[in-house]
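What follows is subunit A paired twice: with subunit B in the first complex and subunit C in the second.
Now for the complex of A and B:
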């Protein structure tokens, strides 16, 4: 198992895109978070109680960061098929499920590390920026801190979300094997549903999309306000995303097992 | 020519690409139908409109100092001091940003000839507006622009048979004709007089993932001098507040101050001051039936992006590019052939997809309440619908060509697909999070702006979808610029870089 892990680690490290994608993931978290919180004005929310979820907004970079995570997940699998390395890989590790486990471990570790850096950076940026935009304790906004348990849940949840998205990408990569198609499918899954929810008029359908689409359900974990009106409970949403990711991975592992690697 | 034939053979001989083109068609139609069945509205059950002379939804409220006239008549006034009255905010909604006014929602004062004083009846008005100059408006649909004057103007309305003509003048002696309208149903005996309207002031608050619209009623007053009516009558001016009927199922405000309505007409000597509240004009929801029927385009584009990128990158992956260049040494010609073949195929598939989506999804939307009179009923013959369908197909073609250019530039599939999809979809997600109208610049600078081509209605600030902030021309312009710049870069790089 160690051998398989080390082999996958070497392959991941030597792909030129890996470093860029991980860097992009962290930069997207911090950069978009800054853009979102920096453009807020407290007087935008009127005289009444301000209900803006600043924690969720400061972690809004996840919408771009997830693209990097998903593509990385896909690439670490499909690069093997595109370059033909899958044949020596399976020759060296004949127990094919071990290859899957090793790949997931490497993807998870890489994305998890970058996600921690990105989330911490985004929260620190929000802590510095928000008071200057008028979001002070007097307006009901304590300084952003991870000690607060809802913020903690949002932070940990965002890291887990990005890891699960990468696993979903890897699973779809194992099923589809073609880089282009797999990237398209995973990005369409993650990005089209929120656009649909925005324009579909019926609230029942909006709730359905928010509840069952992988990205929307998984990101419920970021909510720190309006918890009573969430379409899906925070951890339940993340669990649903985990179910999608594991289902894709199981299908991929089964196909790796059952299907010839070179066809 | 042989280059074009070669590229066409490449495109049609890969079964997966042909399947993806069909997939784009199925996705566009299927998702459009699905999104349509997910839309409902009760705009027709709880109308906030009255039916105008043409059977469409209108709103009608203004202050009217009028008297009855029979047959041909000419009225002349000198309007001064049109201003918004200091009204208190009726509701303390989110302040947000004020929605810009249109010729229909500005404050206005002038002469109105109207079938009667009930809301929704046929009329013609010549009006001095707050910031849209002088207008000749009629029957809630016709709007003829006069001069850009503001503040002080002489206005004249002449009825001759079935035609009503509007004039304006700076000094009351030299007159300029604005235009003539033929109202639908003004009987020989009608009401003519001084009118002042002020549409509700709307504030929209966007950002944080949604949009909300708040507003308070508008009120304006204006002074009329040197009012003359020819032929002269022995009637007197009578002030009436034309108002919308209160919906039966909507209880009157409890506990709210029932402030006495200010007098519509205050006369002193030769000067009359008229005060009015309300809007006179079409009452169309910002939601667009055509756009609602074409939402599947977003999903269809995913498949087209995939084909577009692969049509470029697969040349490099399989080493085919060396054979291609050996056969056609002029590399620019190869790129042109590729763009022509791919663009033609994408346009054909997209046009079929959007037309079928429109035909399938519009009846579904109408079943779900987006039907007349609250919503216009679009048909394939309407110029606005034809424009939306053709521009939507061109938008899809443009994005496919951008995908080809990105594929040729990056030469690798995964980054090319990722970049194109991110440029298209991510600004939409970001656009709902960013506050105010700041998403507008995102729409002007990214492929997402192309979604504005799906709309048949004019742009609006009040919807959640950020692409509604810009017009269809700007939307297709953004996509065309991306395609042109992308293909130019690909051409330049193709010539100087080793294959």
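Now for the complex of A and C:
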């Protein structure tokens, strides 16, 4: 098993696309977060007490970062099929479940590391920017800090969210094997909810969509205010995303085991 | 235990098309075994089954007496070159070998050694996308040699190689066999194996056509044939045909006589007063032998096509 792990780690590291996608993930987290918090003004927040969830806003880059995570998860699998490298991969590690475990571990470690950097960066940026936009303790906004329970949950949850999205990508990659199709499917799964919720007028159905769509459910974990109005509980939502990801991975692992290497 | 490759009664179909049909053969150590058949005969499929990449519908494909999937650190048992293009173009040659080495817990130093061995040491840090087909073949062979395996399997290794490369592969293959390894080399061209192989496994349409030594195969096809070189070909043909022989015109001033022993041919020509400059046992080329063997398989194929 160590052999398979080191092999997949070496494979991932030796492709230039891996580093760029991980860098892109972290930059998207910090950059979008900065754009969100930097453009806020507390006195434009609305009448009475401001209820903006600044933590969620500062972690809003996850919407873009998830694209990098999903594509990386898909590519780590489908690049082997697209280039034929799956043949030496399975010849070198014929116990195929080891290949699956190794790939998931590598993509999890890579995306996890970049996500930690991105989340910490985004929160630090928010901490620096928000007081200058008027979000002070006097207005009900203490300085952003991960010591705060809910902020901590949002931070850890965002990292886990990105890792799970990458695992979902890897699982779909194993099932679909084609880069273009797999990327399309995983992004459609992640982005379909807002589109659907926009065109479906019925509020009951809108709530259902937000509750069961993988991205919306998974991102409930970012909420630090207005928890009563969430369509799904924070950890439950992340668990639902995990269920999607593991289902895709299990299907992929089973197909890798059952099918011939390339047909 | 002696290294071995063995295929036992193996059958494999892809979406209803039979690729390998009850095929059995064994490859022995210490000699080069050529694996020959027309394109689409099932050579690559057989190798994929031996490597556990595809699962046979029936029968067993065994490496050193085991199914491939049961081998621990398989690269130390078998080295295979299947498809030289099965490399990510964005990866450096070194890195491609490095991940393979690590997958089987081989020391990283092996990478430099095999790069040297195949003559790619100077381009190890280049990305494979810029490699010629010949360089990728060499990289594939380097990958096969990483684990210093007692069994090696090369699928059409001379594809895309220049003449230097072809000579290099021949020498490499001979060396590997002389070290006591099991060596299986496939080709769709018999002449590529003429000077390299000791044994031949010939397949056509997924079935075994012949499993023999090169010498025996040439012997079977050339049996009872005598080649006569004479300036009087037509007279000679008449005389010999009248004596019951089958006579065919060969290259130069030669005729090939089938069905009469050499001394009888000499006597007949002498009696008739026909001068000849040479008379020798005719030795078919490997290519002719191969054509004779596979003719049936090809005719069968043509008949089946017509029947549709």
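In the analysis below, the second predicted complex is superposed on the first by the 260 of 263 C-alpha atoms of A that agree within 3 Å, B and C clash if a C-alpha of one lies under 4 Å from a C-alpha of the other, contacts with A are read in each partner's own complex, and residues count from 1 in each chain.
Assume a contact is a pair of C-beta atoms (placed from the backbone, for glycine too) under 8 Å apart; a residue touches a chain by one contact, two chains touch by 3 or more.
Computed from a predicted model, the values in this text were never measured in an experiment.
Student: Evaluate whether subunit B and subunit C can sit on subunit A together after superposition, giving fit or clash.
Tutor: Subunit B and subunit C fit side by side in the superposed model.
Student: Now for A:41: first (subunit B), second (subunit C), both, or neither, which partner does it touch?
Tutor: Once the two structures are laid over each other on A, A:41 reaches subunit B alone.
Student: Is A:87 touching anything from subunit B or subunit C once the two structures are fitted on A? First, second, both or neither.
Tutor: A:87 sits against subunit C, while subunit B stays out of touch.
Student: Now for A:2: first (subunit B), second (subunit C), both, or neither, which partner does it touch?
Tutor: Touch status of A:2: second partner only.
Student: Which partner does A:75 reach: the first (subunit B), the second (subunit C), both, or neither?
Tutor: First partner only, subunit B.
Student: In the overlaid three-chain picture, which partner chain does A:155 touch, first (subunit B) or second (subunit C), both, or neither?
Tutor: Neither partner.
Student: Identify which of subunit B and subunit C touches the larger number of residues of subunit A.
Tutor: B
Student: Where does A:163 make contact in the superposed view: on subunit B (first), on subunit C (second), on both, or on neither?
Tutor: A:163 sits against neither subunit B nor subunit C.
Student: According to the stated criteria, A:17 is in contact with first (subunit B), second (subunit C), both, or neither; which is it?
Tutor: So A:17 meets both subunit B and subunit C here.
Student: Pick out the closest CA atoms of subunit B and subunit C after fitting on chain A and give their distance in Å.
Tutor: 11
Student: What part of subunit A is shared between its subunit B contacts and its subunit C contacts?
Tutor: Common to the two interfaces on subunit A: residues 17.
Student: Which residues of subunit A touch subunit C once you look at their complex with the stated criterion?
Tutor: 2-4, 6-8, 10-11, 14-17, 79, 83-95, 260-263
Student: Going by the contact rule at the top, pick out the subunit C residues touching subunit A in the complex.
Tutor: For this pair, the touching residues of subunit C are 14, 48, 51-55, 68-69, 71, 73-75, 80, 82-83, 85-92, 95-96, 98-100, 102-105, 143.
Student: Over in the complex, which subunit A residues touch subunit B? Could you list them?
Tutor: 17, 32, 35-36, 39-41, 43-48, 52-53, 57, 60, 63-64, 67, 71, 74-75, 78, 82, 179-181, 183-184, 187-188, 191-192, 194-196, 198-202, 204-206, 208
Student: For a test of understanding, state which residues of subunit B touch subunit A in their complex under the given definition.
Tutor: Subunit B reaches subunit A through residues 16, 31, 35, 38-41, 92-96, 205, 207-208, 287, 291-292, 295, 298-299, 302-303, 305-306, 309-310, 313, 317, 368, 413-415, 417-418, 421-422, 425-426, 428-430, 432-436, 438, 464-465.
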